[in-house]
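A, B, C and D label the chains in the order they appear, each numbered from 1.
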Amino acid sequence: MAQRITQQQWRRWTDWPLAGLAVVFLIAYSWEVIGELRGTARDVSEVFEWIGWTAFAIDYVVSLALARPRWRWFYTHLIDLAIVALPILRPLRLLRVASAFILLQRHAGTQFRGRIVVFAVGGAALLVYVASLAELEAEYGHGGRIQTIGDALWWAIVTITTVGYGDVTPVTVIGKLVAVCLMFGGVALIGVVTATLASWIVERVSEEEQAEEQVITALQFEELREEIRALRHQLEKAAETPEE
Amino acid sequence: MAQRITQQQWRRWTDWPLAGLAVVFLIAYSWEVIGELRGTARDVSEVFEWIGWTAFAIDYVVSLALARPRWRWFYTHLIDLAIVALPILRPLRLLRVASAFILLQRHAGTQFRGRIVVFAVGGAALLVYVASLAELEAEYGHGGRIQTIGDALWWAIVTITTVGYGDVTPVTVIGKLVAVCLMFGGVALIGVVTATLASWIVERVSEEEQAEEQVITALQFEELREEIRALRHQLEKAAETPEE
Amino acid sequence: MAQRITQQQWRRWTDWPLAGLAVVFLIAYSWEVIGELRGTARDVSEVFEWIGWTAFAIDYVVSLALARPRWRWFYTHLIDLAIVALPILRPLRLLRVASAFILLQRHAGTQFRGRIVVFAVGGAALLVYVASLAELEAEYGHGGRIQTIGDALWWAIVTITTVGYGDVTPVTVIGKLVAVCLMFGGVALIGVVTATLASWIVERVSEEEQAEEQVITALQFEELREEIRALRHQLEKAAETPEE
Amino acid sequence: MAQRITQQQWRRWTDWPLAGLAVVFLIAYSWEVIGELRGTARDVSEVFEWIGWTAFAIDYVVSLALARPRWRWFYTHLIDLAIVALPILRPLRLLRVASAFILLQRHAGTQFRGRIVVFAVGGAALLVYVASLAELEAEYGHGGRIQTIGDALWWAIVTITTVGYGDVTPVTVIGKLVAVCLMFGGVALIGVVTATLASWIVERVSEEEQAEEQVITALQFEELREEIRALRHQLEKAAETPEE
């Protein structure tokens, strides 16, 4: 019956609260990683992380329960299960912040290319920040040269732009996995920047040329058809007139 | 007479079995390089490598025998001869795995841009893995910093994304040749990613604009021609009627 | 009344003088940073820098006074205030040189793609030079390897092309902030170069094909409509003639 | 009178011989730089370099003499004068090999995009080789790590692909100038590869779509105009007939 809620309804109800929780989670996580908090402050930030984790876990279980067909959803969302279940993938929980970002963007409602630019700038900034946090947590105290959030941010920007000086590099396995994500993020960033510029230049150049040589449009075509129809009616009348 | 088989028939019969052999060869080669096998295990992996080599050699000889004109095929397939004949080019035999990958893709049958994406992702992953294996084999025990498959994979990804930290670099000549392939692979990867994005953005933007200003299509054109033909027949009838 | 000048008028009067001052400022700043001037020479260069700063400050105050609505201009020009008010952002005053460059370009009046090329080449050259100056000032005497203008220029070009050898890297916080600007400038440079080439190749290829299969233009369309109109007038005359 | 030859005729007579000389110059230069020749062999290679230089100098003087207007040619060819007159720019004489390459390509006569690919591959290979030679000559014996042609080639490829490990970097000023050319060559290479791919993908995708929605062509347009003309002649005949 109509009493049963669907997965879509669940999504609509929980999207914004979960996005908010993701931002809170990001702040708590930042606080913990950057500030190396001790005592009460650390407890508070851990409480927020646990609230975030609990909310994501409940969301996973409810989404799975509401999904139709359930097994297909399970197979296509194994990554969600891994993020919730494996403590080592904790940084990936920050990806929920990305969903907050995507939600915001969907409600911005601008032109397609404008949205691409917002997505590239915001996505790159978020990726750099989250990767820096995760990198700092992974590398801190393991003998590498990434020991402050400043080092981590510097390293992340050197990596995402594919400059890669090599003055600061990760030495742990998790640190290197985070680096790999940033590197491919960098290739994607170059791709998006270039492609958006290319699209814009192609359009501007073709506009410059269309002033000279304009392609026929559907509107002009309709004008022509109207002309021919008028001609036809005139001919019909002319064919009737001599009979009188 | 029709008894003689052609090169095309030979290809059709041997493509899939050889692709399968290439995958077996890749696994055996990985096993040998990564595991540094000793005793029986090593013998088994070498047996599989020899089976792979023998199959490729037979394929080369039969293809040459069936080729028309034979000398032209010989000249345009010197690289195949080198891969089979020179032990130093052994890593290149792994390229046969690429042909398995191409076969799979050909049978996927999707849209052009979808196939490009699959090709770029799969090709980059395959290139990184095969180059890591070849690099590890070339560098192992020569004093460089690539001494485990982890080092090799890290180095390969740093190289293909053109980040190039320089914390891990090849020191042997063969290792550097493998690196050169990866570097140009990286330039190609950036190119494919960017070009695919550009094509997609250009299309989406032009769709947004076509809603306003639509170009005339062949279908609309046919409608217009029909209208004119109808007009002509009417005129012919009108020209006959006054004579009555 | 008409006595009150508008912000546009102010811009028109001050654009060229301020651009000239920016160039003088750039020369004085270069002289100070590169030459490490002592005594009179240093005093002279500082006088020019102060003249530049005073002019920019006056321009900021007058622009703010003339802006309508004033608060909106204030919020959208916070960066201009920061450049004038904070001594640490002194290198950013060199950005006024960029406005001189943009003014020059606006008066060049060529084709769109030509302007993009000029903008990319000139912008990259200016960015490399200004970043080198700012980097040298930030790093000089802080133990890093950027100690001469030659080091700084070498480092800037290695960075903007995203090569990133890492033989010369900034060690101070301000030096790293300058580096981040250059890196993103490099991503933008690759983007502009590629996009301009892509636009040019797409155009040339489509020209090659249009020789075979040409799209109908608005001009041809008008010819066709004229033909139909002539037909219509003939028909009107034909319809009148039998009545006589 | 017609006795005076023009600059165009001079070009037509000397293009191929000078291109050949450039190749000989490249071989002699390679021999000298790579082989560090002593005694007779070195004398022979120097003789060829001198022949090359003499030919380029004569070509410069004759071209200047034949140019109209002469001063404009002089101003726009200052770089040619510098290459001939300054011994330090000797490596730039190798650029004449590029003109041999361009000549060959012009006579290949293929499709536009095919020519771009040939140009990018050939140009990159030539740039890497010539830059390696010039780098080796500049760096040899100056304490850097580029001491063999192998080092130089490895460094050149690491640089042109913008990977930039930093394990081998130039230490001399001339070496760094050569490096700067290679870096911008690398940005251009990425640009050309990406732009060609983008052009190809855009074309293939639009071909896939044109099967569904085909734009009207000039040929179809002509068919339509013929139809209307036939209609008009019929009408003229119909208008004459009733008069009989």
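Methods note: contacts are C-beta pairs under 8 Å (C-beta built on N, C-alpha and C of every residue); 3 or more make two chains touch, one makes a residue touch a chain.
Given the structure is predicted, the values throughout are model-derived calculations rather than measurements.
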>> Count the C-beta contact pairs for A-D and for A-B, then tell me which is higher.
In response: A-B
> Which is it for copies chain B and chain D: same residues on both faces, with over half shared, or different residues?
Replying inline: different
> From the C-alpha centre of chain A to that of chain B, how far is it in Å?
Replying inline: 29
> Where the centres are mean C-alpha positions, what is the separation of chain A from chain D, in Å?
Replying inline: 41
> Touching two or more other chains, which residues of chain C qualify?
Replying inline: 162-166, 190, 194-196, 198, 202, 215-216, 220, 224, 228, 231, 235, 238, 242
> For chain C, which residues count as touching chain A in their complex?
Replying inline: 111-113, 116, 159, 162-166, 169, 173, 176, 180, 183-184, 186-188, 190-192, 194-196, 198-199, 202-203, 215-221, 224-225, 228-229, 231-232, 235-236, 238-239, 242-243
> Which of the residues in chain C end up touching chain B in this complex?
Replying inline: 162-166, 194-195, 198, 215-216, 242
>> Applying the document's contact rule, which stretches of chain D touch chain B when the two form their complex?
In response: 150, 154, 157-158, 161-167, 189-190, 193-198, 200-202, 204-205, 208, 213-216, 220, 223-224, 227-228, 230-231, 234-235, 237-238, 241-242
